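This report refers to the structure that appears directly beneath it.
Order of writing sets the labels: A, B and C. Residues in every chain begin at 1.
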Amino acid sequence: MAQRKAFRWHIMVFLAPAVLVYTAIMIVPLFGTLNLSLFNTTEEGRVFVGLKNFATLFGDPRWSERFWNALGNNAWFFLVHMLVQNPVGVALAALLSSPRLRGAAFYRTAIFIPTILSFVIVGFVWKLILSPIWGIAPGMLDAVGLKGLFAPWLGREGSALTTLALISVWQFVGIPMMLIYAALLSIPDEVIEAAEMDGVTGWSQFWKIKLPLILPSIGIISILTFVGNFNAFDLIYVTQGALAGPNFSTDILGTFLYRTFFGFQLQIGDPHMGATIATAMFGIILLGVSLYLFTVHRRLRRYQF
Amino acid sequence: MSQARNSTARSLAAHAVLILYTAIALFPVFVVVVNSFKNRRAIFADPLAVPTADTFDLIGYRTVLAQGDFFLYFQNSLIVTVASLFFVLLFGAMAAFALSEYRFRGNTLTGLYLALGIMIPIRLGTVAILQMMVASGLVNTLTALVLVYTAQGLPLAVFILSEFMRGVSDDLKNAGRIDGLSEYTIFFRLVLPLVRPAMATVAVFTMIPIWNDLWFPLILAPSEATKTITLGSQVFIGQFVTNWNAVLAALSLAILPVLVLYLIFSRQLIRGITAGAVK
Amino acid sequence: MGALTLSQVTKSFGATQVIRGVDLNVENGEFCVFVGPSGCGKSTLLRMIAGLEDVTSGDVTIHGARVNDLAPARREIAMVFQSYALYPHLTVRDNMGLALKQAGTPRVQIEQATEKAAEMLDLSHLLERRPAELSGGQRQRVAIGRAIVRRPKLFLFDEPLSNLDAALRVQTRIEIARLHRELGATMIYVTHDQVEAMTLADKIVVLRGGVVEQVGRPMDLYNDPDNTFVAGFIGSPQMNFLKAGKLGLRSDTLGIRPEHLEPGSGQISGRVSHVEKLGGETLVYVATEDHGLLTVRQFGEQDYAVDEEVGLSFDPNRAFHFDAEGKRLR
């Protein structure tokens, strides 16, 4: 639009509400949190302590042990998603997009249903199903003659985290499926027809033609999964409580932050250490995202059709 | 021909896998809803059976409706979700229009500034948000939740909508200018109706996390009068862990409204997601 | 005072100047066509006249009034877009009447103007439809109708025919010419197609790189081009450019139109490389050592064999001389 000599007020009017709300509720508090992590409460009230809180978090064994435990758990949580959720999502999308598949709309709708449910529902539903008291899971394993395999997975230190990660995968597999499905649909028919003419069909068509073309979408899904996982809290809180049992084996950064900030049982809340953990999470997410943007994302060429 | 037989076999295999996965996706929901209509003994005796005249029992629902104020929770969730959605869509579309339509200094910078929020979760600012809400007396009000969710939803809304708005024909907007429409009329009367599919997509993506959120209701508005359905059912289930009928009924009540809404909008949702790529 | 005057108009996007000082005067009732290859600035110039782009320097005057700082709607112009740009949610009637409604014209008057324009364009039976229910040609007629309803001082057309198929393009071209005669209005028309320019224009403005190369009546440009660019752009097939030195002439380049090259014996010799028979005419492409590929246009159906040796002659009075910069030597 032509730039008038007069100031173009309408641009301001269009931008102001979004920028104001976003700045006031998101950016300012974010910096407030970063700032808060540099202070601590002592007898004299609030004092500036510089990076001491971080030294405590990483150095003091009472804190660092919990922190590294949560970070390690979080990394495993993310890895399970990458190894299970995304391949399953891609496979489902590939099946759904096969030509002349009847009932594709039904499958799409049904498989996406878990994604719309809240963590509260998902957490409790699976807790009930896996509960040895109710016996649905052992009963079903029994039916296929594998009763011996059953264990109270959520209650054991060794398997609880992986079980939770798989529940989360079950809930969210719809998202990669949909995004990849959309990416597959956007490949022009001519390209696929040309591949058919060239004799590239079936699975080799998927590996050689389609997969390279949807790699950028897979990249975006991976980074969304990363951000989502390192920010997760609800599922663990609902199923295992804020203590992330058994024995902190399912503790991730989100539950650690919650416990630290609000306190739990005998421990009292500490906003400064809470802010310190939030800042550390901020750093981790920022690092991950930048790493992705500057290395992987650059190599994934977006093809113009 | 072998080609044809081959493709039939392949499509059968595809259906088999998809049916299997659909079963996995729906099974837990099925089990919970079915058992919520059974009496306690039947729930344990045969969890996979559908309720019969013998085993049918609504005791769970009666407990839930007597105990928890679920209608209030539901109403709270509805108010928060609808209000946040309205502001996200309105403010987001306005900002997206400004960014996609006008050349001005700071355009790219503003776009990047707003997009930052897609990658950085708002939860990390919780500590400061709570302090701010305490200071302004907004703790335990639905307003606090609406503000937070509006801020949370804006980055993605601006990002998606500005992509779509770039696709709206320049000629059309210019025809409007020549016909004497103001910039506001062009936005509300010409551009908004054309990006309606994108608005639907943004609406769904914004709505689901707001409706399902546990974190901010728990921290900003945990009072009885402001509990959302998600927080309400979490607390209720926590109190009634051993009352299986009540827990199953509460879960079913929490699932059903979302499920119904989803089934109504699923066509729109899927078209929205795929339109982003196909458009 | 003319209908439109541009004086020393320039336009820059950041550091790049896309319009570099254009002077132009369009008389009342004139049909003026801006023509040039893509990226020559013709559309930008039109949008500056419309007020959709601001003018970096210089003045745009419509009927004597300087309009540089006037909003598009207040310039009393109407514009027809390449993509039609019909409002998808309004009926044909409302599409055509919106500008008047926006200006506060009484309803009865809007009705009359709309009906009259619809009648002129044979759209009366479509008035209640929406754009999605119309064919491409009908949509373009609605877009033209929308312009007519406003009774503007100036009609602006931005490549209005490029989205139509060949047959419809010719038909609509004739329609626009008829409207121009009936309305007697001033029209500015942008196209990259020199055939449209030749058939519609009273005055053609040839643009290249943001600069006016030549302004004139179609036949003036054809018979008396100022430089090699205009000579090559106007006329189809393109003019042949020969190296004058090889022919013993003193100018740098010699321009000869394909219809003025005569096969038989002549001082230019070459081999036939390809023949295109169009029924009414035959185009012979002759590869020469000195001048590259030359096009020869023959009337009627002619027989040539590929690889056949042929000599070419020309009438010196119908050849154009250009200097090394491409400027015409008269």
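Keep in mind that, in the parts below, contacts are C-beta pairs under 8 Å (C-beta built on N, C-alpha and C of every residue); 3 or more make two chains touch, one makes a residue touch a chain.
Keep in mind that this is a model prediction, so the values were computed, not measured.
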Relative to chain B, chain with the most remote C-alpha centre: C
Central subunit by CA centre of mass proxy: B
Chains linked by the largest number of contacting C-beta pairs: A-B
Chain A-chain B separation of Cα centroids, rounded to whole Å: 16
Between chain B and chain C, centroid-to-centroid distance (C-alpha), Å: 53
Mean-CA-position distance for chain C and chain A (Å): 57
Chain A: positions in contact with at least two other chains: 1, 3
Per-residue multi-chain contacts in chain C, two or more chains: 51-52, 71-72
Contacts with 2+ other chains: residues of chain B: 177
Complex contacts: residues of chain B adjacent to chain A: 10-11, 14-15, 17-18, 21-22, 24-26, 28-29, 31-32, 43-44, 47-48, 87, 90-92, 94-95, 97-99, 101-104, 110, 113-114, 117, 119-129, 131-132, 147-148, 150-152, 154-155, 158, 177, 182-184, 187, 208, 211-215, 219, 230, 233-234, 237, 244, 247-248, 251, 254-255, 258-259, 262-263, 266-267, 269-270, 273-274, 276-278
In the complex with chain B, residue positions of chain A that touch it: 1, 3, 8, 10-11, 13-15, 17-19, 21-22, 24-33, 35-36, 88, 91-92, 95-96, 98, 100-103, 105-122, 124-126, 128-129, 134-136, 139, 170, 173, 178-179, 181-183, 185-186, 202, 223, 227, 231, 233-234, 237-238, 254, 261-262, 271, 274-275, 278-279, 281-282, 285-286, 289
Chain B partner contacts - residues on chain C that touch it in the complex: 47, 50-52, 71-74, 77-79, 81-89, 98-99, 102-103, 146, 158
Interfacial residue positions of chain B with respect to chain C in the complex: 169, 171-172, 174-181, 190, 193-194
